[in-house]
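A quick write-up on the structure given underneath.
Naming follows writing order (A, B, C, D and E), and every chain is counted from residue 1.
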Amino acid sequence: MKQDKHGKNHKFGMVVDLDKCTGCGSCMVACMSENNVPFKEDESRKKDSITWMRVYKITNGKSFPETEICYMPRPCMHCGGKGDHGHSPCVSVCPAVATDYDHSSGIVSQIYTRCFGCRYCMGACPYHARYFNWWDPKWPEGMENYLSPDVSPRMRGVVEKCSFCFHRYQEARDRAYVEERDDIEEQEYQTACTQACPAGAITFGDLNNPDHEVYQMVEPDAHNCGKPKNPKAFRLLERLQTNPKVYYISEREWVRKAGDNYLEGEWEKVKNNHGNDHE
Amino acid sequence: MDSALIPKGAKRCPFPVFALGIAVVGVVLLWGVYAMGLCWFKGLNQTNMDDYYGFALWIWADLAVIAIGGGAFFTGLLRYVFGIDELKNIINLAVVIGFICYSSALLILAIDVGQPLRSWFIFWHANVHSMLTEVAFCLSLYFSVLTIEFVPLILENRKLDKVPFFHNLGHNMHGVMAVFAATGAFLSCFHQGSLGGVAGVMYGRPFAFREGLLVWPWTFFLFTWSAAAYGPCFTLCVLKMFEKITKKKLVKDNVVHLLAKISGWMITTYIIAKIIDTVYWATVTAPSQGQTFMDFYSNNPFYGVWILVLEIVVCGIVPAVILTTQKFRENRKLLLVAIILGTFGVCLNRWVMVLQVMAAPVMTFDTWAMYIPSWQEVATTILPVAYGVILIALAYRYLPVFPQELELNADQQD
Amino acid sequence: MKVDRRSFLGLGLGAAAGVAVSPVAWKLMDDSSIWTQNWPWTPVPRDGEVTFDNTVCSLCPGNCGLSVRKIDGRPVKIEGRDDYPVNTGGVCLHGVAGLQYLYDPSRIKSPLKRIGDTFEQISWDEALELVATKLAEIRDAGKADSIACVTNHGMGTVPGLFQRLLTALGSNNFLSMDTMDKAWEKTLEKMHGVHGTLGFDLENAEFILSFGTGFIEGWGSPVSNFKANSSRKERGAALIQVEPRLSNTAAAADTWLAANPNTEADLALAMANVIISNNLYNTGYYVSGFGPGFDELAAMLKENYSPEAVAKTTGIDAAVIVDIAKRFAKSNAPVAIAGKGKGSTPGSAREFAAVHLLNCLAGNINTKGGAWILSPQDYEQWPAVEMDEVASQAIEKPAMDPAGSVAGFFAKAGAEKTVQALLISDANPCYALNDAKAITKAVQDIPFVVSFSSFMDETTRQADVVLPSHTFLERTEDLPSAAGMARRVTGLATPVIAPVFNTKNPGDAILAIAKAMEGTVGESFPWESYEECLEAVTGDLWSDLSDQGYAAVQETAPATRPSVDFSFVAQNPAPVEAEGTEADFSLILVPLDNVRIATGSVASSPFAVKTVPDTVLAGKDSLVEMNPETARANKLSQGDLAVLETPKGKATVKVNLFEGIMPGVIGMPRGLGHAMEENRYVSGKGVNINELMGPVMDAASGLDAAWGIRAKISRA
Amino acid sequence: MLPFSFEWAWDAGHLLFFGGMWYTIAILGAGLTYCVGKTILDTMAGKGPHH
Amino acid sequence: MSNSIINILIDGVFMSELDEKTENGSVGAVEEGASGEQKAGGDSGTGYGVLFFIGAFVVCFLSGWLLFPNLLYSKKEQPFNFNHALHVEEMGGCDSCHSFREDGSFDGIPKTASCLECHEELLGETEDEAIFVSEYVEKEKEVPWLIYSQQPDCVFFSHAAHVVKAGMDCRSCHGDIGESTTTKTYEENRITGYSRDIWGKNIWGMKKNSWDRMKMDDCAECHQEETGSKGACFQCHK
C-alpha cells in the first residue's frame, strides 16, 4: 500500500505575545517536567544549565525611571533555513544526522542516541537553544519515579533541545488513527509550555493552516519564507536567514528592534514596513 | 648503550641522558593521560567548556596542530609531485611532524567528543553536507597516508633495515611515494579546507560566516592556503630547535632558504587573500546581517582589534616580508623571527576562527562569552606535545631523519 | 619445534584475521555504542496507561486546580486544570514542579523525636501518645492557655481542626501566618466596621491602580492575576504601578510611577484629595454610604496632601498625580490595590486605608470590576466544642497577642517565655518572619514544639516531635480561595498518589491526638477520620466538592454596600518608618518578590531554583539590586562581593546593577537562603532577607508593617 | 558510508563524497598492496640490504 | 658495549632470535651473521608462522562464530510457560488480548486483571496455570514477562499507525508467535541489554523473514517501500 505522507505538510510554529508574557517561568518548568530535563545542585551557571525553554530578560537600556524590561521566552526556533529547505544552521552541520528536519511537520529533531557529542550544532545555533549534557543526569533518590516515558532521559555527552513536544504530536496522531481520522485538531497538539502559560502568551499551531490561530496572528508569508505580514510580529535574527518558526509580537518598538541586529539608521527605514518590504 | 640502533656514524647523547630527558617528558605525558582518563570516565564536566563555548581549547589545539602539521603535505607535494629535489633533506622531518600532529589531532578529537564510543557514527551515519564529516574522513585518511609516509623512514633504522623484507618494503614504498604524497596532498587540501569550512558555513554566526564558491566558503580556501603557507614555518622552527638542542647543523642552508622562500611567497599570497576576505566580510557580509566590524572587537575584555592586527600585520605581513626578501631570510635571526611569528600567526588564526566565533554574541541581548580552560583541558592539550617530543626524539635518535647530518657533522663522528 | 618470533607473529596475525572475518569486532563495536545509549545508570521510565487525576494546589493561597497526568497510577506531570474556575488551565511554575516536592530529599520519612541535637525515628503510635501526654500534662498543670498553634493559613477544615483542638484544650492562641489579608481585615474593621476580607475583581476592572503590589509577581492568586493581566491588555484596561523599582508588574503596567519608598499612602491621599476637591467622587455612594469623618478628611487632605506637596515627598509630578487621580475617578470600573510584593506580609494600616479610601471615593465597593467586601468563609458547620472546666476557665484568658499577629506573638513568647507548647502546621516562622533569628530563638525557648511539616525546614529543625504530613499531592483537604480574589471558590484537594513515606494527613493526626486525650477534648472530635470530618463539616458544599473537585461559593459582587467611616484616615495617622537611622544607614533595603522564588512556608523546588536568573542568585550568593548611581556612590561595580549591613545584621552579597531601581534603594530577593541541608538543590543558596529585616509593629493595627529597613553596603 | 547504511542515498552529494572517499581508499590500498606484494617477491628473490 | 643489557633488551624487542649470536660475537659479527641467519632461518620460521597463522585463524574464526554468540547473550526463562496457540483458539485474534487503549496507545501485554475473567480460578491442570493463579492472580501481581520484542527507551513505536492506519498484520513484525505453544528462552545481550530478537537470531544479523529482526534498518526498509521515505528521525525516536 503506497501512502502519501499523511496528507499535506504541516509547519508547526509558535507565536509569543511579549506584551502578555510576565516572565513568570511557568513555561520553563512545564517544559522541564514534561521532557524529563535533569537538574543539578548549582544551576546558576546559566551557560551550562539545561533549559530548552529559556526566558531572557531584555531592557531598553535607558536609565531610571525610563527603564523598561521585556521577557522573551526562547524555545528552539525550529529553523527552516533559507527557502525553507530544512537546512537550518544546526541540521546542516551535524556530521552524524543526529538532528534532522522533518518536512512533514517542520520540526527539527534531536536524536540523543545518535548524537556523539561533537557540539558543532551548538556552535552553529545563534539562539543558544541547544544544550549539552556535561553531566550524567541524576535524580535524588526516588525522584526518578516522576519521569515520563514519553521522552527518554538523556545520557551524558549528548546534545538536547526543545522538540516542540513532538511526542504530543505522536500521541495525538495515535488517537486520530484509532478514531480513524485523517488529521488532528488544532487543540489536540499543543506544547507543554503553551498549555502551562498562565498569561496565555504562547500560541501554538500550524503556520500552514489559515484556520489556526498562529496563522491569523502573524500572517506568515509562505512565498517569503514565512516572514510575518503583521507589522507587530517579528522573528529573532531574521536577517541571518535562519527562517525560524517562532514568532514574537509586541506593540513596543524597542522590543521589536531588539529582535535583530541593525546598522545605524537601518531600523528607521524598516520599522514601519517591517514584514512588507517584499511588496 | 643503545648504539646498535643509532644510525651508523651518527653521534647521539649518552643513553642515560636521553632516558632522563624522556622520563621527564614522560611525567608530563602521564599527567595528560590522567587528565584524559578523567575526561573519558567522568565526562566533559571536567572541562570548563559550556553551552556557549562548546568548542574550546581542544578544538583550537586540533586546528592548530593540523595547520602547523600542514608542512608535511605541502613539503610532500613540493618534493614528490613538483619534484623539488632539495627538499628530500627536510621531508623526513616534515613527515614526522605531520604524523605527530595528525595523531595528536585524532587523539584530541577522541577526548573532545561527548560519546567517544559512538565516534564511528560520523563514518557510518555520515551527513555528507557537514564540513565536520569531510574533516573526519579526510583527516583519518590523510593520517593513514602519513603513516605510510612514515613507515619507510622507520624501516631505515639500522637494525630494521637489516631485515630483507623491511629493507625491500622501505625501498618499494619509496618507489611509489609520489602516488601516496599526491593522494595525501589531495586529502589534505580538502580537510584543511573543511576545517575552515567548519567555521565559514555557520550562517548563524556572523563572525565566522563567509560566502564562497559552490559549497565551500572562502575560509575553506584560506585554511588550506594558510596551512600550506605556515606549515613549513613550523617545520623550520622544529629544525631550528633541533639544531639548538643538538648543537649541530642538520640541514643545509640552501634547503632551509628554499623552503623559507616558498613559505614566504605562500604567506604573501595568503595574507593578501586574507586581507581581501576580511575587508569583504567587514564591509559586505557582516553588515548585510546588521553587524558592524567593531561589534566583533569591542565590549569584551579579550577580543580587541589588536588580535586582528597581530594576526594580519605582525604574524602575516612581517614574516611574509622577511621570508620573501633574500637578504632578510638569510639573516639567521630574522629568519628565526619570521618562522616563529608565522607559526604563532597560523595558531592565532585558528584561535580566532574557532573561539572568537563562540564568544561573540549574536542576539542583541546576549553577552560575550569568556572562558578559561580547566587544568584537565590544559593537561590533555599538553599531552600531545609531550607525546610529540618523545616521538620526535626517538625518531631523531634512532632514525636517519636528517640525510645531511653526517655530511654536515663529519668532524664530530665517532 | 621451536616456537620463535615468527610463530608468534603468525599466531597474532592469524587471530586477528580470524576475528576480523567473524562478527566479533563488528558486533562489539555496535554493541558498545548501544551500551552508551542504554547506560544502566540512566533511568528508563516505565510506560503504561495514561490517566488524569484532578486535585487542588495548596503551595500558595492561590489554590489552582491541577490535573495530574499518571502512567499506570504513577504521577508524571502536573498541568493546570482546564475547567477550574481559578486558573482555567494555566499554572504557575511551583505548581508544575509539584511532583518534586513528593520526592524532595528533605522530606520527613516518619515521625521523629528529638534526642539532643538529633532526631530519632519513632512510630506513629508513640509519637501521638507523646504529644497527647505532654499536652495533657500542661493542661493538668493549669497552663492550658500557654499552648499555642501556628498554621500557615487559617482557612479550611485542617486549620479548623487545629483551632478546635486549642479551644478544646482551653487556649486562644491559635494563629495563622501574617499576610496582607490580615491588614485588609483591619482596614475593613476601621473603615466599614465589618469583619471580613477584601477581594478585587481584577478580571473586570478597567483601571487598576496598584500601590506596590506584585500584581504579577505572585500577589494574591497568581495564575488568576496573570490571566487578568492578559485579559486587561485585550480589553484595554489600564494598570498603573506605584513602586520605587521596575518590577515585572511595573514593566507590564501602562504607567510606572516610581514613587519614593514608603510614600504610597501619601500618593493615594493626594489622589483622594484631587478626587474630593474636584468633586469626582461617586455621588451615589456619597449619599448612601459615606459615613462619619468625610468633611474632616477633605479638610485634612486639603491641608496636608496637595499634589504639589506630595510631589515633593513622592517624587511624582503634581500634574501626573492629578491626571492619574482624575482618570481613576472617571473610569467605569476603577480599583486600587495594596499589599506589597506577593502580599505575603501585612503592611501599615495607614497605607491600606489610604488605598482603600480611593476605592470608597470611586464608589466601587461591591461593584463589577471593583473591590468586594467578603464575609469570612463560613461554609464550615462545626458542632459546638465540648469544654470541661479547665478549658472554660483557661479560654477566658486573653490571647497572647490581641491583634492576632504571629510576629507579635513570637515577640511576646520570646520576651516572656510563658509558652509551654507550640504546634506548627505547614508554617515556617523561623524562616519566613522578619528577624528570623530572633524567632528561632523564641521557638527554641518553648519547651515543647510539635511540627506537622512534610519537610525538615528551619522551624521543624527546632521541633521536639515531628508528626510529618502528607504533601499536598498526597492529602485530602478543602482549600478556600483567599488572597485578594473577588470570586470565591473552595477547592478539594484529593490524593493523586498513595503516601510516599510514613506520613499522615495533619487532620488525622489531630483527631488521633484528641482521641488519645480523654474527656471533653476527645469528645469534641467525634469523627473516625479526617475525611469523615471533612464530609460532615463542609455540609452543603460536600456534594459539589466531591463531584467536581470544587465548589463556587461566590461568583458575583455582594449585594450590600457597607457605609464608610472616614475618621481613621481623617486623623492622618503617621507613616510607619523603616528601622534604623539615616545617619548610620544611608540606604534603604527592600525585599524583592519574584514569582519564580517561593517565599512563604514552602521552599522553592529544584526546578524553580533553576529558573532563577544569575542576576539574582550566583552559586551560593544572593545578588542585591542597585542603581548604577548607588553603586558608584558606594564604590561598587557589577558582580562585586559586598557586605550589606542593617540594624539587624550583616550579610555578604554580590552586586547586580539595574537601571530600573531607584537610586538609594537596594533590592534583595526574598525566598532564598533556606537552611534545609538534606535538599542541596535548594538549601544554602543566597541569604534569607528575613534575617536582615526586623519587625516594625504598626500601632494602628498591631501587625508587623515593616516594608524595608535602613542599610549600608560596602565592598567586602 | 556503504550503500546499506541507514543514511545512504543515491544522490549527487553521497556519490561525490563517498565516490571520492572510496577512490582514495582504493588508491592507497592498491599502492600498499603493490608495495607489499613486490616486497614479498623481492625478498623471495633474495634481494636485501647490500653492504 | 655489545653485552650491555640495553642492547639485549632492544634486540629482544626488535628481533629476538639474534640473542644467542650477540653473546658470542662483536657487533660487526652479529650484523654479518644476521643477514645470513635471516635467509637460513627464514624458511622454517615462515613454516611455523604459517602453521600458527592457520591455527589461530581457525580457532578465532570458529569461536567468533560459535562461541561468541553464546557468551554475548545471557539466557533467561519466562516466569512460566504461556501457550499462545491455545489462547488464540479460545479468544480469537491477537487484538482480543493485545488491544488499543482509548487514547490510541497500545497496551502491550495484558495486565493480570484482564485475565481474571477466565483465570479467577485454576483453569486446567498444568503446572504453569498453577503458578499463574497462585503467584499472580491470588497475590494480585503482574507477571514480569520478558518481552522478546521490547525496543529500547529511545524508540517510539506507534502500533496505531501500523495496525490501524496502515492495516498491517501482526505477523509482519512478530512472526508466528501466535502459533507457539510454549515460551522460548529469552536471550539478553549482556552489553546492550537488548533482547536477541531485536538484532535477530543470526549473529551476522542476516534475515529471511520480515520478522526475523527489528533493527532500525528493518523499519527503514519497509518504510522506504511503503511510503517512499525512510521517515524523519523523530518518527521513531524519542
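Just so it is clear, a contact is a pair of C-beta atoms (placed from the backbone, for glycine too) under 8 Å apart; a residue touches a chain by one contact, two chains touch by 3 or more.
What you are looking at is a predicted structure, and each value in this text was computed from that prediction instead of being measured.
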Legend entry - Middle chain, criterion being Cα centroid separation: A
Inset, instruction - Tally the contacting C-beta pairs at the B-C interface and at the A-C interface, and name the larger one. - result: A-C
Inset, instruction - Report the inter-chain centroid distance for chain B and chain D in whole angstrom, where each centroid is the mean of the CA atoms. - result: 26
Inset, instruction - Could you put a whole-Å number on the gap between the CA centroids of chain A and chain E? - result: 39
Inset, instruction - Compute the distance, rounded to whole Å, between the mean C-alpha positions of chain C and chain E. - result: 56
Legend entry - Inter-centroid spacing, chain D versus chain A (mean Cα positions, whole Å): 47
Legend entry - chain D: positions in contact with at least two other chains: 6-7, 46, 48-49
Inset, instruction - Check each residue of chain B and list the ones that touch at least two other chains. - result: 115, 118, 121, 125-127, 129, 133, 162, 164
Legend entry - chain A residues counted as touching two or more neighbouring chains: 45, 97-98, 112-114, 136, 149, 152-153, 155-157
Inset, instruction - In the complex, go through chain E and note every residue touching chain D. - result: 35, 38-39, 216-217, 220, 230
Legend entry - Contacting residues of chain D [partner chain E, same complex]: 4, 6, 46, 48-49
Inset, instruction - Report the residues of chain B in contact with chain C in the complex, numbered from low to high. - result: 115, 117-118, 120-121
Legend entry - chain A partner contacts - residues on chain C that touch it in the complex: 36-37, 39, 41-48, 69, 71, 74-80, 87, 89-93, 96-97, 99-100, 102-105, 216, 222-223, 226-227, 229-230, 233, 246, 248, 251-252, 256, 258, 500, 595-596, 605-615, 617-619, 627-629, 658-663, 680-681, 685
Inset, instruction - Mind listing the chain E positions that touch chain C in their complex? - result: 15-17, 41, 44-46, 48-65, 68-69, 72, 101, 103, 105, 107-108, 152-154, 189, 191-194, 203-205
